[in-house]
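Scroll down for the structure; my scribbles are underneath it.
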Amino acid sequence: MILSRESRQGLTLISPPFLYAILMLAAPMVMVVTFSFWTQNYLDLDRTPTFANYREAWTGEIFRVLMLRSLMISFFVTTVTVLLAFPIAYFLSFHVKRQKALWLFLITIPFWTSYLLRIFLWKVILGYNGVLNSALMGLGLIDEPLDFILYNVPAVIITLAHAWAPFAILPIFVALERIDRSLLEAAEDLGDGPVRRFLRVTLPLAMPGVLASTLIVFIPTVGDFVTPRLVGGPDGVMIANLIQVYFSKANNAPLATALAVSSMLIVASISLVIFLIGRKIGGRTQ
Amino acid sequence: MNIGRFFSRNWLTGYAVVYMLVLYLPVVLLPLFAFNASTIIAFPLTGFTFEWFGVLFETNALHSAVQNSLVIAVITSILSTLLGTLGARAMVRYRFPLKRGIVSLIMVPLILPEIIVGVSLLVLLMQIGISLSIWTVIAGHVLICVPFSVAILSSAFQGLDPSLEEASMDLGETRFGTFRRVIMPLILPGIISSLLITFTISLDEFIIAFFLTGTDVTLPVYIWGQMRFPTKLPSVMALGTILLVLSVFLLVLGEVFRRRSASRQGQDASATGGLM
Amino acid sequence: MTQNAIIEIEGVSKAFGAVTALNGVDATIREGEFFSLLGPSGCGKTTLLRLIAGFDEPTDGTVVIAGQSMAGIPANKRPTNMVFQSYAIFPHLSVADNVGYGLKRKQMSREEINRAVTDALAMVDLAGYGNRAAHELSGGQRQRVALARALVMKPKVVLLDEPLSALDKKLREQMQVELRQLQQQIGITFILVTHDQEEALIMSDRIAVLFEGEIAQLDTPEVLYRRPVSKRVASFIGVMNFLPATITAKAKGALAVDIPSLGKVSLAAGHAPEGLDPASVSTIGVRPEMLTILFDDAEKAECETTGEVTATSYCGDMTYYSVLLPKADEAVTISMRNTAGRSIVPAGTKVRVGWGVESVVLFD
């Protein structure tokens, strides 16, 4: 195929980052998939292709339990984060007039502080002698510190929802900003009250942003392993912790990669479903 | 009318203030415990001290971790900004076959769980037989930083009127001269902003570094190791406070440059330019 | 004005993928003239300008500037300079640095550059604006800076890509006159791209009218207006009334034309546009101002017919009448100057319409 001058220049320019992504992302991914069909014999790798790892992963109860729990936690986190983020994005887009950039900047700052320490600090907030218990006791609402708020699934959800807040706000904000304000006036002019106008114009037009937020929060949170380790306790362990354990302590990389590939496939198919549903609802507005 | 009321200005302002307070809750605690005299990270606070900052200066393992992290962050920011500049320019100014696919592959680390990036790079390195070092961490960090750099710089390139380049060529300037005299000065703020943000991301990144770090640990990996020892926690808080101040400083600097870039190009400093 | 060719465009075609933007364009632009490329959007006029500037290469054909073929010569090596539609003022440079941008590459001392910049700014009435920042300028001032930046390079040809389209009407009209005067003063060839026929008529020595990548007619403003070669050119430049007609006889340099609505007339043979076969004439055109409503019984015209006013629109200095002529399906437009004492005739009035043989244009 003969390429135009523009195509050649564009391809030349983009080839360094593209080759880097091939080398450091696509190639390793292919490797991971290959690896998952091999087996570990103590210190040696058996390179005969086999489904043994997948059989072990899918028949073992632990994978199923942790995967389901990870998905459930991610669903909760995503729902909570997106629902709480929408009013903020709406507020920024429609009610903040001059200080938009400042507000957005303030929203992103906590996200730029050390990831590990942010999670650790939630442990401090939710802990036995933590901020929450101290505050509740100080107010006289409880006599003894509550011990059921840390080291469990809700603690993981709270911590993750906090960590991903800015990622949920920004795409919704951008979608709302793009809405031509005269459309809202037109809706009003045609007889819609604030609620109907919101439901019939604003919300459908903001759907692409909501969809982006949902995916941006959902996909990475399934794979988080620091938060469950620090605040999850034994009942809050997620799939990434299992992968990490097989990788390092159990020294069974092939099984770890089979778990990783399996969970990636599951997350990818769920994301696709979310994307298609979202497109069906808000697709016409694109 | 209830939803309508909720979305009215006053209610939303109140909601936003509460939301921001919760968002800042952990961040506010950091300096609080860094200056707290007690070795236990819990309330009530017992007194004011600089002790934990002093401890930091005497810990050699920390110093080498800081050094490793700085080296990694500097190299990562330079490499990813270079790659990001090329990618952003191609994305904004050129049409070419398979553009969507190529751009998606470059941008996908933005939403990929970091554990996947870490694990897959580790598997590849193990197979090739490359031992882990600061360079393997850099390789992983560049991968996740390039999308940020592309995002920041494509907004810089988007603000660049194509006829400015044509005007320069028309006035007798060469391609290279046009880059030096017109393009570079106009996107320089974007480049600086990209350097600062990718530096901050690399400095802070834990999961990939955790998988790819060798004997030379990075700062977050070092902090992770310290978290198991309760007595070390106050100094970790002190360290976190220093990092927080540093990050905020760099980000403010980056934001200032980004806005200057926008105003130089005579456009309104759009609020989301950098991250979207 | 000398008659030497400065630019020769020979069989130039340009395709973008499957889309043909220009199709075998031939034109000669003379030294020192103000030349306009006029046409609706998408007709290829900007493409032609960019081919001359060197931003694009023609798919076929050659562009010759000052006797030298431009094939393979990039924009930065061509003796042309452009005033961009967006003006493309470098936002990070002062007005003086913008104007002096191209001189930096020439072997000139700092003093020489400063003098040239000062002179160029004075030429466009911006003396003393050198230290201003680009964003402090108004639209009209930006346009002047862009012009000064091109002129200071002493190009053989200045290319202007719709330079006035961003200005408001008053300022645009003022700039049209100024630009034309400046061009006549300095004597450099200007090529203007515009979609505004009035602008082209006011400013140009000659105009090329482009439709769908081809030149439909290339001539002086007066000829374009009075003797358009096709119905399409006629209605693109001003308003033209069309009426059915047939040639009934052709003898000794004269054409006998039967125009049912107006009457039978005899035209000189030279009246038909070049290349038009008299046998194929089926339509005549006449401009609204060439038809006159005869208000007064005493008023006389070269030829006369009658009609009925069907609508009027009053425009201050002018009134436009729709008049249904005998045997016509559609009303013609007649424009009348609202001189003192002349009243507006209401719809339904029967009127006498006067016209002149000379104003009739023949079309196929």
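Note that the chains are named A, B and C in the order they appear, and that numbering of residues resets to 1 at the start of each chain.
The definition used in the following text is that a contact is a pair of C-beta atoms (placed from the backbone, for glycine too) under 8 Å apart; a residue touches a chain by one contact, two chains touch by 3 or more.
Every value quoted in this text rests on a predicted model; they were computed, and no experiment measured them.
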Arrangement of touching chains [line / ring / star / complete / other]: line
Most distant chain from chain B, judged by the mean position of its C-alpha atoms: C
Chain pair, A-B or B-C, that carries the greater number of C-beta contacts: A-B
Chain whose averaged C-alpha position falls nearest the assembly-wide average: B
Gap in Å, rounded to a whole number, between the CA centres of chain C and chain A: 60
Whole-Å gap between the CA centroids of chain A and chain B: 18
Length of the line joining the C-alpha centres of chain B and chain C, rounded to whole Å: 56
For the chain C and chain B complex, residues of the former touching the latter: 53-55, 74-77, 80-82, 84-86, 88, 90-92, 101-102, 105-106, 134-135, 149, 153
Residues of chain B touching chain C in the complex: 161, 163-164, 166-174, 177, 181-182, 185-186, 264-266
Chain A-facing residues of chain B, complex: 1, 3-4, 6-7, 9, 12-13, 15-16, 19-20, 22-27, 29-30, 33, 40-44, 82-84, 86-87, 89-91, 93-97, 99, 102-103, 105-106, 108-109, 111-117, 119-124, 126-127, 139-140, 142-143, 146, 150, 200, 204-207, 211, 220, 223-224, 227, 236-237, 240, 243-244, 247-248, 251, 255, 259, 269, 271-272, 275-276
Residues of chain A touching chain B in the complex: 1, 3, 6-11, 13-14, 16-18, 20-22, 24-29, 31-32, 35, 84, 87-88, 90-92, 95, 100-101, 103-110, 112-118, 120-122, 124-125, 127-131, 134, 162, 165, 170-171, 173-174, 177, 193-195, 198, 215-216, 219-220, 222-226, 230, 240, 243-244, 247, 253, 256-257, 260, 264
